[in-house]
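Supplied in structure tokens, the structure appears directly below.
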Amino acid sequence: MSLTLRLQARVSSGPRTFRLDIDWQTSAQRIVIHGPSGAGKSLTLQALAGLLRPSAGRLAIGDTVLFDHTAGIDLPARQRQLGYVFQDYALFPHLDVRQNVAFGLQPGLRNPLRGARDPRVEHWLDALGLRLVAAQAPHTLSGGQRQRTALARALVSSPRALLLDEPFSALDPALRSRMRDELEQLLDQLRLPLVLISHDAEDLARFGEATLALAEGTRHDAR
Amino acid sequence: MSLTLRLQARVSSGPRTFRLDIDWQTSAQRIVIHGPSGAGKSLTLQALAGLLRPSAGRLAIGDTVLFDHTAGIDLPARQRQLGYVFQDYALFPHLDVRQNVAFGLQPGLRNPLRGARDPRVEHWLDALGLRLVAAQAPHTLSGGQRQRTALARALVSSPRALLLDEPFSALDPALRSRMRDELEQLLDQLRLPLVLISHDAEDLARFGEATLALAEGTRHDAR
Amino acid sequence: ATPCQAADLTVSAAVSLSNAFRALAARFEAEHADTHVLLNFAASDALLAQITKGAPVDVFASADQDTMDKAATRQLIDPASRENFVRNRLVLITPLPGGLRLKSLADLSLPEVHHLVMGRPEGVPAGRYARAALQEIGLWPALESRTIFAQNVRQALDYVVRGEVEAGFVYATDAALQVDRVQVAFEVPTGRPITYPVAAIAGSPQPVLARQFIHFLASPSSQAILAGFGFEKP
Amino acid sequence: MDGALFQLAWPALTLSLRVAAWATAINLLLGVATGFALARLRWPGINLLDAVLTLPMVLPPTVLGYYLLVLLGRRGLVGNWLAQHFGITLIFTWQGAVIAATLVAFPLVLKAARTAFEQIDPQLEQAGRVLGLNEAAIFLRISLPLAWRGILAGGLLAFARALGEFGATLMVAGSIPGRTQTLSVAIFEAVQAGEDTLANMLVLITSTACVLILVCAGRLAPASPSSRRAQ
Amino acid sequence: MDGALFQLAWPALTLSLRVAAWATAINLLLGVATGFALARLRWPGINLLDAVLTLPMVLPPTVLGYYLLVLLGRRGLVGNWLAQHFGITLIFTWQGAVIAATLVAFPLVLKAARTAFEQIDPQLEQAGRVLGLNEAAIFLRISLPLAWRGILAGGLLAFARALGEFGATLMVAGSIPGRTQTLSVAIFEAVQAGEDTLANMLVLITSTACVLILVCAGRLAPASPSSRRAQ
């Protein structure tokens, strides 16, 4: 693919305003964004997902223009077809693990039923080791189980690209490397583009076909 | 110190029941608990903090008996004087970062005022790089900033011991190593006992005077 | 709680008297310096309930004899002070414009009269009088099913004003409030005259002033004011 | 219960329940829609609008009933139009009682719904958008279930209020025994007529019915899942 | 506003506001305490208790007023005791009106508070315990601020309801202009006396005052912080 990441945006809270100003382009298929805490990594991903509207710039993944200020294009989040793992998971508290994972498969007006089984859902529950907790509510999950549920929910609906915000941070090393394998296999199979935020050297080595280093809201130093 | 960790407990959610059954004792001052996701690490820490009541067993840190089923002792959480970083932070959404950090210093009926400055609070805001976001509400923080705020809140009120649940997982490597130094210095200064949950080899090496490996709710293999 | 001052006189009166009594109270205060008349208006039975439960009332003016009789039975009033101070008439009214032309109670059984309204006989004196009048001539069984029972005369009047019913029983004083929108078809004969009693409350701390107020109601100037609101001499 | 009481109370009770149920159902629809709009729209005058919509609570029901009569009556604006075009009369019918009860109880559901929708973590709705849901689906699959507990609490209050409503009802629907006489009206009349025993019996019946229904309906909301954090 | 109207409306307005303010304040205290207890206690009968406490909504206010009269009157159980021991009479006083309005509006705050307390993430209260706070401090520093928006919504409804209350008030406090005649009672009387213009004017005054107060009071709740997630 090619990723065009040109954006200016600002968020403010009380006295403080944080400015994001990035101009970067790559033809890589797998991209890792890294940088110190508070650099603006998550905000960048939110802009890509359509949850933060830049004040100017252009965002594109492959041939799909997600946002173009001058052309007046701003694809709504629901049409971007991206698999997004939020840094704090954003699991639906009123649904159990299985329903959370199945959520995006069913675009209609009704939530997946509590007992319903979909082979795609069951596949990912198994792959991510969630079978045992499939009927539990999110607030009864361990940290790592929450993270894996969020990952499964993003992966299951065959998105156009994956946006993962530190998706392995709460996992133990063994599980983490299993998840990496699982993810890589999926990317190879479906030729999915990936934008990954991670602090982990291993992730950088494995998925960082191109890397973007951010600091204080702007591009710092491409490794 | 010495840590006595003998407990049986169970939590259930719908069809599933998870059992915790640990019998371990150590005279080490710094302990790291590790093990796969869902092993019961966080529940163990909750039992130590007084948030999960075991059905049997004995918990003690140094000379202080926190819980003893046969002796009928169950020190309430607020009298245990422990510094606890929750895995998902549990920041107070109605208070800004500075107020969150100052929260435990003031045991009375009123929350710290928005503008109030306490040297101990300011020290930790600086040490953890939170000065810039001190007046922000938790929901406007980045993941790493949230984690550091939770850490500062636990450290500031000179607890009897520290219970940290993956306290560096959302931090970039540079920050993480600075935080480790900061933590070690504090432990040395105040001779604070530490119970740390971490998946990070570096943490294990640095703080794992003794380590407890958990799997499926029970002691697995002491490294 | 503020204790009643020496010159406070609390008068509980039926709502239908409110306009007239406001004017009267002002006159009474003018004639009796240092006296302050506190008026309390509600439905007669609500007033009776209040007095029964010990409300600090000095004078009670009811819209019907039954309520006052109950007060007398319960020994709440000073029986010697009881007087009838006005008389009212029951009338049948129809809406304006375009109301039916009814000449007698018998016309109420015409098919054009889909609904008629009266006060609920169990609670509203005007309704009792109306029902008695219909029972007298044997029409009540036929008319009962088309009758709407209002909670008070005012509500009955409203239904006629709005044309929701073809006819209604109200007092002449009520009909006078809406001369443009209702017409009085005829006066309804009632067995005994409709008179309003007033009495001093037993054990009132103001027995003298209470008596004075009751006498004042009977004075020609007061009767003139009452006549201005459509009431007649008892 | 002796025969006479039963004959009076039974139709009044069923009518009361029917009126209150309809009023609650209508208010749930209207209140949820309006509450959601107030919670999400960012207009400057939104709080003013909210306050104005609370006014039915402030006016004495009798007065409200009087205004309703002016509006819905045969010569009223709406009433006239309804009668001419559809041949519908509302005055002296139980449907009229439903309208009165609905109006009186509306602010209860509105406020509860608005507050409940405002408490929802916006990130959850965003997660739904990213997963491809349109706004209608987000509302039905995320916002409404998460707000449901709060809305239900308002709905139960509205039900109770509708059951107890009599000032406006009396004005609009009249008090025709067996047709438009609700339990509340019957109680009021019994008290007015000084029939204390009858009044007490009727109060007992209303209270029992209401408590039963509130307790049962209270179970319609899941105890905790939606009320607890998930992250 | 002409002189006569002003003379009637001004004391009625100030009295109404005083009564409603007191009733709301008392209800906030009682409702928050009871609501918190209902939200936290795990008794099996708790929903039954909740439903019973909702009953003041179900009974027609006049009937409620009648029962209050029976209880608080000079010859009533409580009234007699108060009169004998403290020389206090409540009938025909504005304090009596406060009691009536408080009773009528109580369920509104109760339900709102219970729902708001139930929505709180229990982990936040646990965090407070670990930080050394006792239960009173947890309540004041964590639970109450987090529930405040919901409670306030209930409080505003209660204020509106207390302002509009006239059935029970009329029974207990009577309708003495300048002393116990609230605006609602005055409106009711004006409608009864056929003085439609006066009634409309009074309705306008009440509505304006109420909207003003609701809009201002609505600002007492922070817009978002406490209503948004933090984790």
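Every chain is named by a letter (A, B, C, D and E) in the order it is written, and numbering of its residues begins at 1.
Here is the rule we go by: a residue touches a chain if its C-beta (ideal position, glycine included) is under 8 Å from a C-beta of that chain, and two chains touch if they have at least 3 such contacts.
Just so you know, these numbers come straight off a predicted model, no measurement behind them.
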Using the contact definition given at the top, which chains are in touch with both chain B and chain D? A, E
Going chain by chain, each one touching the next, work out the least steps from chain C to chain D. 1
Report the pair of chains linked by the most C-beta pairs in contact. D-E
So, comparing C-alpha centroids, which chain is the farthest one from chain B? C
Chain located farthest away, centre of chain A as origin (C-alpha): C
Where the centres are mean C-alpha positions, what is the separation of chain B from chain C, in Å? 78
Distance between the CA centroids of chain C and chain E (whole Å) is 34
Taking the mean of the CA coordinates per chain, how far is chain B from chain E in Å? 44
Please list all residues of chain D that touch 2 or more other chains. 66, 121, 123, 188, 228-229, 231
On chain B, where are the residues touching two or more other chains? 88, 137
Spell out, as numbers or ranges, the residues of chain C touching 2 or more other chains. 46
Which chains touch, pair by pair? A-B, A-D, B-E, C-D, C-E, D-E
Taking the touch rule as given, give the residues of chain B at its contact with chain A in the complex, in rising order. 11, 13-16, 34-38, 41-42, 87-88, 96, 129, 132-133, 135-137, 140, 142-145, 148, 165-166, 169-176, 199, 201
So in the complex, the part of chain C that touches chain E is made up of which residues? 1-2, 10, 12, 15, 18-19, 38-42, 46, 49-50, 52-57, 152, 154, 157, 174, 177-178
Per the touch rule, the chain C residues reaching chain D in their complex are 43, 45-46, 70, 115, 120, 122-123, 148-151, 155, 158-159, 162-164
Which residues of chain E touch chain B in their complex? 121, 123-124, 126-134, 136-137, 140-142, 145-146, 222, 225-226, 228-231
Residues of chain D touching chain E in the complex: 47-48, 50-52, 54-55, 57-63, 66, 107-108, 111-112, 114-116, 118-119, 121-123, 149-150, 153-154, 156-157, 160-161, 163-164, 166-167, 184-185, 187-188, 191, 199, 203, 206-207, 210-211, 214-215, 218-219, 227-229, 231
